[in-house]
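Residue numbering begins at 1 within each chain, and the chains themselves are lettered A, B, C and D in the order written.
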Amino acid sequence: MGGQVGRRTWAIPEGFLPERLHGRGRELESHEAACLLNAGDADAHVKLTVFFADREPAGPYQVTVPARRTLHLRFDDLRDPEPIPRATDYASLVESDVPIVVQHTRLDARQADTALLSTIAFAGD
Amino acid sequence: MGGQVGRRTWAIPEGFLPERLHGRGRELESHEAACLLNAGDADAHVKLTVFFADREPAGPYQVTVPARRTLHLRFDDLRDPEPIPRATDYASLVESDVPIVVQHTRLDARQADTALLSTIAFAGD
Amino acid sequence: MGGQVGRRTWAIPEGFLPERLHGRGRELESHEAACLLNAGDADAHVKLTVFFADREPAGPYQVTVPARRTLHLRFDDLRDPEPIPRATDYASLVESDVPIVVQHTRLDARQADTALLSTIAFAGD
Amino acid sequence: MGGQVGRRTWAIPEGFLPERLHGRGRELESHEAACLLNAGDADAHVKLTVFFADREPAGPYQVTVPARRTLHLRFDDLRDPEPIPRATDYASLVESDVPIVVQHTRLDARQADTALLSTIAFAGD
């Protein structure tokens, strides 16, 4: 396995939680996720900061990704210190105390059929 | 928070504004966006240049992303010095005076259901 | 041609095999793939490790990508040492003895129309 | 503008031309494209090599991207030295004599509604 694969700082400029429109269960509801992989042997303590167009950032939101685990973190599950508003442009910054890898995914269920997007986040230094 | 996260030069080779076909409101209309994140403590002064297949580039288009803010810039909102034509291949180059992070997204509403694409742009040196 | 293009370690934090719902043939069935390109002149011996949210990793899964060949590896084809469960979050790490390039793609056929996502994986050192 | 933005070697491990199914005109037909941006002041002479699962590579295909221009190259337009077969896994390597930037996009029209994927290609050294 990969030991210390990844970086400590990651950025995701795109963020948008569509309104809830379809009652198809949690899995097919519109959502955005930051998929975090900690392939190393030490737990990752992760801070998430959320940026907006017209106000100061929200956060930090704090999560732990245990050693040799993945966490697919849904932005619409964030509650502490505050939920992320829907239908609002945002961006996010992920900071970890050990190297991790971050991928961003959105499932958009505003239409009859879903649409997907995904990209590896930007790895800062 | 992240201080100086990102790079000063970003490139997005893919660009295409589909024709307007659906009257579903601004949010679900076909569009492309460059999502800009300025996680630092200084405002970012950003120049956008648009390249085409068969003519000299357009621009520079100028926007400011304030400190600790995100701007989701829609290409179909650009007017000065000229709008970007629809149904035409283009590419774009984003240059900032401080480090930012750029992600490219397209929402395509030419069919009954929308399609999405997204990727972190290419970070130049 | 490109000789030694790529890296030896790649990470894909996003992984999810939707349930099988549509009987449209193998090509249009929901699946995720790791597309591996070996542009060099030596065979690539590749180990794949799969990470989960709440258990130790599975693997290694072993495949060979011959010199100057591509292998589009479907995660739902993995059997040895164990199949990947459906409807479960996972992530993956790809390690090769020679440089390769890895791209991640998902085709989601849970709705009447398919959705696609794709990104170049994260290139570790 | 950006002068020498980009790299000389790019890889796209994912490649697949779906069968032609819909007669909706060239723009909405299933296709894959390599979007090339040459933001510099010298023409880019580009060689494309196509890799398969079970035969030697095809190519080189040769194109020129003039200075300060973009070329959105459709893989289904390639003819010389040979067309790329449909319904076949492939990968591609893009080599240029000056720095360029490459983004990969697929539009999939096999269903009633289209699906899109896109990612910046892998930048080799």
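Following the convention adopted for this analysis, a residue touches a chain if its C-beta (ideal position, glycine included) is under 8 Å from a C-beta of that chain, and two chains touch if they have at least 3 such contacts.
From a predicted model like this one, the values you see are computed outputs, not experimental measurements.
Undergrad: Quick one: which chain's Cα centre is the longest way from subunit B's?
TA: C
Undergrad: Tell me whether subunit C and subunit D, two copies of the same sequence, contact each other through the same residue numbers or different ones, using over half shared as the line for same.
TA: different
Undergrad: Whole-Å distance, subunit B centre to subunit C centre, using C-alpha means?
TA: Each chain reduced to its C-alpha mean, subunit B and subunit C end up 30 Å apart.
Undergrad: So how far apart, in whole Å, are subunit B and subunit D when each is placed at the average of its C-alpha atoms?
TA: 21
Undergrad: Counting only residues that touch at least 2 other chains, which ones in subunit B make the list?
TA: Residues 112-113, 115-120 of subunit B touch two or more partner chains.
Undergrad: Mind listing the subunit B positions that touch subunit D in their complex?
TA: 9, 11-16, 49, 51-54, 56-57, 87, 89-91, 93, 95, 104, 106, 108, 110-113, 115-122, 124
Undergrad: Hey, which residues of subunit D end up touching subunit B in the complex?
TA: Checking each residue of subunit D against subunit B gives 1-2, 5-6, 27-28, 33, 35-37, 39, 68-72, 101-103, 105, 107, 112-120, 123.
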